[in-house]
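For reference, the structure I am asking about is given below.
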């Protein structure tokens, strides 16, 4: 019997090592796999490349991970927020590398990784600083920039409901980057609010099929805060 | 009030003209917009480029359209079936052009068109006849072939349920190419088995949001045959 | 220079909202653009899109009815209208980049007379730059309208011949709504189509660092 | 040449099915590959994928219980297991091309000793060529196994040094199940790992147009 539900955090995070590229779901505080992020801190994995839309706020989650010096490089579309002081201080001090990627390009680069597309041409960012040094090509009368697939070693994902095959659905805007990152990593680890019986999820409405999921941990933490 | 539901076939097919590139949903006989295909025949539009996975069987649907001499060119992954004689005779007689595209490349080229990706690199078909004359590039140690977005002037789509905003869900394997083609055309025309009130479709389970749909015609024809 | 009463931010948003017809799919940037939604009457069905996978957004919920799982791209709590739907980020930006939005409204630091827009970074930033979805939206939407003050707080024109700040997209803006005027970006540069009552051509030109055409 | 009783198609499918562990995501091509599913016991959970957007396919429905809306890539009626799901074609081929299938099983006209596969067109075709999803599957799956007769009906070897027919993918096949043997594709060419009872090394080599290695 296939059972991707793991009993505890140790089993969930097994094999996550320093030096990894880790894709972290969430947009703002919604759909963020906070328990899994905290586990990264506890395991003291270092030298990480983190791919996430935001840089975290306050001193929890990603901000906490950065504060602990675990992150070498951040690939991100919007590292600024009202309370993203941890990241900003590290960045100004030259203690963290930053690759700014337009939000849609970031999503598409991970979707490409998940879908076996090596690279693609997008009109986004053509003629801007973020396209400097990148190949360009005119297609259909419009200039495009070449962007490469962005693979993760690990994806940390938050889901609303999951079954033992790893099928996932999400809750409203908690979906965001989670399904895209689940496709793009070698090992996809999910924290889910609810675990349901196999067959309980509507086959027409499964957003992330279990083929993209390796481990599921039940973490019924409640609502996002902030 | 937005209302994409049209009263009759004339309203559905308005402006569909000869010389168009038409994307036609369906895989085998499931999810094929047969009523809309028949309407193409009745309107006698000609010189069409048809993009469809199959070439149609017997003398109905796409096969009928081809038999009537309306199709100049077929872009297709699998034009052969047990009863695809109409296409095969036209092809042997040099009366129809054929562009064979691997099925996944065909889907991805339309997804690219819908998602604003100008072109992409895929490992599929590298080193084969279907990649002859195409640009290649090594990415991550693997050879890839450059493929361009495939846009339609019109997409003909079959849905299971639709609302007045044009939101769609499909029925089991009736989904197939329909959502991809809906994204990729300038005008997307839907025949739907059922029309439902706005709000009746679960927002977590809408497969094709109305942003990709222009017109919806209620055609409760029943089950696919064959 | 004649004294004029500039449009308030609310009036600017209302003025822009007036030009948004029923049926359009619209993405509103953070700041003044977000205010536009409040000026579209609910019976005029305009479908608002948010980058984080929300299509068919409704207004902010009343206090006490907040769903913590439903936010917009500005991280504010919102609602979903009947007919709305959710999608993931790659699909959401497929809508944007694929030209399926009829309109995107953004704020800007500068807009150039050829439609170039700069709205994501200034040389004054000492924090890290942050682009979000601005470049995708600016490059992808069918129409890009900018809503912004006509000049900076210290009176420097934001409508210019050429942007000095890092660009967000080239030749993308087609219309600008400021506190003093509504302008189209044409092949011949900025064309003024409306001015705030009391504003003169000369006074508007003085506050603008590019040549204005008047209809 | 010693007389041997070749494996039937059913026996070939059963032999291959024996090597498919629980938990694998598997796509089966049309023909003999499809028969593999019948030899995986239902309690060994193997998740079958079909190109047309079906993941978690079950066996053919009993007569009278056919759902006309549920077919596989071979256009045959199938069922869906609990835990199965539907997706559209671009997502389905994302799974394939993205390397998420543990195994694809295809038939072939020819397999070369470097793993090249030819299975979509022959020079004899006078009808139009048809590729379907073969190239995507061959290039995309983590493992590509071929199941086919060892020779053509008129006795021509299908395991060759170099394919003569148009290729489907380069260096993609890792294992072949024939009616006479099971072979791995190694850096050194075909390596025989099992033969049908009664078959000799010499007889197998005679029916093969490439050098065989024996463990």
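Some points to look at:
Letters are used for the chains, namely A, B, C and D, taken in the order the chains are written, and counting of residues starts over at 1 for each.
Everything below uses one rule, namely that contacts are C-beta pairs under 8 Å (C-beta built on N, C-alpha and C of every residue); 3 or more make two chains touch, one makes a residue touch a chain.
Keep in mind the model is a prediction, meaning the values are calculated, not measured.
Looking at the partners of subunit C and subunit D together, the chains they share are A, B.
By the document's definition of touch, common neighbours of subunit A and subunit C comprise B.
When the C-beta pairs in contact are tallied for B-D and for A-D, the bigger tally goes to B-D.
Averaging Cα coordinates per chain places subunit B and subunit D 29 Å apart. Taking each chain's centre as the average of its CA atoms, subunit B and subunit C sit 35 Å apart. Rounded to whole angstrom units, the spacing between the C-alpha centres of subunit A and subunit B is 33. Counting only residues that touch two or more partner chains, subunit B has 108, 111, 115-117, 122-123, 170, 172, 204, 207. The residues of subunit C that reach two or more other chains are 80, 86-87, 90, 93-94, 96-97, 140, listed in rising order.
Contact annotation for chain pairs lists A-B, A-C, A-D, B-C, B-D, with touch applied as defined. Looking at the complex, you find that subunit D touches subunit B at residues 50-54, 67-72, 75, 80, 86-90, 92-94, 96-97, 121, 126-136, 139-140, 166-170.
Against subunit B, the residues of subunit A that register as touching in their complex are 108, 112, 115-123, 137, 139-140, 142, 144, 148-149, 169-170, 172, 202, 204-205, 207. Residues of subunit C that touch subunit B in their complex: 22-23, 25, 43, 45, 47, 49, 55-56, 80, 82-87, 90, 93-101, 140. Subunit A meets subunit D in the complex at residues 1-2, 111, 113-117, 163-165, 167, 183, 198-199, 201, 203-204, 206, 209-212. Against subunit C, in their complex, subunit A makes its touches with residues 27-30, 53, 55, 77-81, 87-88, 91-92, 98, 100-105, 107-108, 110-111, 122-130, 170-180, 207, 223-225.
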